[in-house]
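First, the structure itself, so that you have it in front of you.
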Amino acid sequence: MEPALIFDLVLLLILIGLAWLLLASTDLFRAVVLFIAFGLLLALAWVRLGAPDVALAEAAIGAGITGALLLVGLGRLGSTERCRFSRAPLTFLQRLSAPVLVGVMIPSISLILLLEVHQLAGTTPGRQGLINAFLDVSGSGHGVTAVLLNFRAWDTLLEKGVLLLALITIWSLDQARPLFHQEDISPQLMGLARLLLPLVIVVAGFVLWQGDQAPGGAFQSGALLSAGILLAILVGYSLPQRWQGLSLRLLLAIGFGVFLLIAAATLLYSGYPLQYPEHLAGSLILLIELVATASIAALLAAAVVGGHPPDDLSTPAAKAPSTSGRR
Amino acid sequence: MNTVSLYAGSGIILFSLGLHALLIRRHLLRKILAANIMGSGVFMVFIAMGARGESGVADPVPQAMVLTGIVVSLCFTAVAIVLAVRINKLTGCTTLAVDEESSID
Amino acid sequence: MLLSDLITTLLLICSLPFFLAGTLGLLRFPDLYCRLHALTKADNLGLGLVVLALMIQADSWQVVIRLLLTWLLVLVAGATVAHLIARKAQQDGHQPWRR
Amino acid sequence: MIELYISLALILLLTIAIGLVRVLRGPTATDRMLAAQLFGTTAVAILLLLGQAGGNTAIWDVALIFALLAAVAAVTFVRRKDIDTTTET
């Protein structure tokens, strides 16, 4: 056996083992740490499958944001059970139904999927040739970017809408509370943040710019930037209160808004939404990518913060304590 | 046994593990983790199917869709956590199942 | 075999004991403060040797800088995190291990 | 050469697998976090090796992002509020 195949085998065994261990773990904190490790190794799997675009996004999200999100969520949720409700004793049929459901349904679903995938694996491969044939009229030199922002731009537009909707849900459920201790920041941590934050911005810009020709683009860049924003929040930076109102909301919505406007304009111009005029395709894609990056970064960071900024701006509570005026 | 079927098969196993845990685990955070694992399994099948062409490079279409999928699943996780915190705040529970008769309490 | 390939092979083989030592330390050291050594020293040195080995294979200076930057970032992150973890452990009241 | 890179990456992957024992055993939450941080370093090395083996420098960008964000999870852990003492078994 060649080493590459053994590598894949070991990687997949570890991934499946990790999934099993973290889902069966009695200790929730252990489960979260195992999930962070799972995300790390998943990025390796994407690399092995020849999907560097996905690996870039997974690295930014799996290594940075998901871990922070789950750790914060665990802290808020707690693992202590203070449930006021007692559970009614189950009847015999209820007791029986769970093992039957789990024991019969899951193996049969897996089997059907396996057969289906096995059948698919024998058919001819996908759209690589078609995409390469139309790449020079798409306005982008990289296949994945062309798919995201031209060939299947409709999907991406709706996906931006979903992100916005998710944030609206979060904001309607809760008010943002401070995530971290505001006092007692180690000077070494401040130093790390001062070093890393400019670098994060530079690398995010590089990833966005590179997306025109090579793996990279708005999603990866936005995810990286939002991890940077998270790091800034972690060391006590905060959005000034005067920007927490309309400006923040505009930033969150601009990605979807501009995309929607372009869809409307192209509908009027060419009769189909998001069918760009050929000579404008490159600039339109660039415009969408720029605003989308800003919006994705802000949306993901706001989703991790988990709540709307305080309505009454005079109360120095919640997301931005007025004391932290470093900026 | 080639790389593609190896990864696709593992993706299905991950999906099943996640589905299993989603059904039988009580704690909401475990359910959220389970749904994430399910998603990862689906992404893996998708990317593996895209990689079965010429060696080394995955098809751009599944890559693009998984890319959006990863970002959406992160947002879904954030929404789910906020919901779980809300449930915890209102009921004191970290689980979903509350039987009708016993909830009078 | 080219000389550069030989040096790369040598460096890569040299890096291996450091990674193994890091894992061994993580498993076998008696307490948290000792295990921090595995995080900050062994693995970072192993990574440094890997970076050096790949730098010899590089064909342009941009690649060299990118590799170097990656290593430096890991060093900085490792050192800071080790400091933060040790500080938190001390605040939580962990006593250093004594024989 | 490619065989060498992949073989080394394989051994590093195995060290991650062995290191998982520390995450499982703990005993404190801090120990688990420390192990996860160590995996980040090893994963960067694996990515660099895979990138060299495949001749695809886009993989090095993944490694660079890993290196940039290596600290985020651990810093969150150290700085977060409402730390449960119950998880520290």
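Letters A, B, C and D mark the chains as written, and numbering starts fresh at 1 in each.
As a working rule, a contact is a pair of C-beta atoms (placed from the backbone, for glycine too) under 8 Å apart; a residue touches a chain by one contact, two chains touch by 3 or more.
All values derive from a computational prediction rather than experimental measurement.
Here the largest set of C-beta contact pairs joins the chains A-B. Once the centre of each chain is set as its mean CA position, chain A and chain D turn out to be 19 Å apart.
Put simply, the C-alpha centre of chain B and that of chain C have 33 angstrom between them. With centres taken as mean Cα positions, chain C sits 29 Å from chain A. Looking at chain D, residues 33, 35, 40, 64, 68, 70-71, 75 sit in touch with two or more other chains.
Chain C has residues 73, 77, 80, 84, 87 in contact with two or more other chains. Residue positions of chain B touching 2 or more other chains, listed in rising order: 56.
By the definition given earlier, chain contacts exist for A-B, A-C, A-D, C-D.
Interface residues of chain C facing chain A in the complex, by the touch rule stated above, are 73, 76-77, 80, 83-84, 87.
Of all residues in chain C, those touching chain D in their complex are 5, 8-9, 12, 15-16, 19-20, 22-23, 26-27, 32, 35-36, 38-39, 43-44, 46-47, 50-51, 54, 57, 63, 66-67, 69-71, 73-74, 77-78, 80-81, 84-85, 87-89, 92, 94. Here chain A touches chain D in the complex through residues 2-4, 6-7, 10-11, 14, 18, 21, 27-30, 33-34, 36-37, 40-41, 43-44, 47-48, 52, 55-56, 59-60, 63-65, 67-68, 71-72, 74-76, 78-80, 178-181, 189, 192, 196, 199-200, 203, 207, 210, 214-216, 224, 227, 230-231, 234-235, going by the rule given at the top.
Within the complex, the chain A residues that touch chain B are 4-5, 8-9, 12, 15-16, 19-20, 22-24, 28, 31-32, 35, 38, 42, 45-46, 48-51, 53-54, 57-58, 61, 65-66, 69-70, 73-74, 76-79, 81-88, 98, 101-102, 106-107, 109-110, 113-114, 117-118, 120-121, 125-128, 131, 143-144, 146-148, 151-152, 155-156, 159, 162-163, 166-167, 169-170, 173-174, 219-220, 222-223, 296, 299-300, 303-304, 306-307. Those residues of chain A lying in contact with chain C across their complex are 186, 188-189, 191-192, 195-196, 199.
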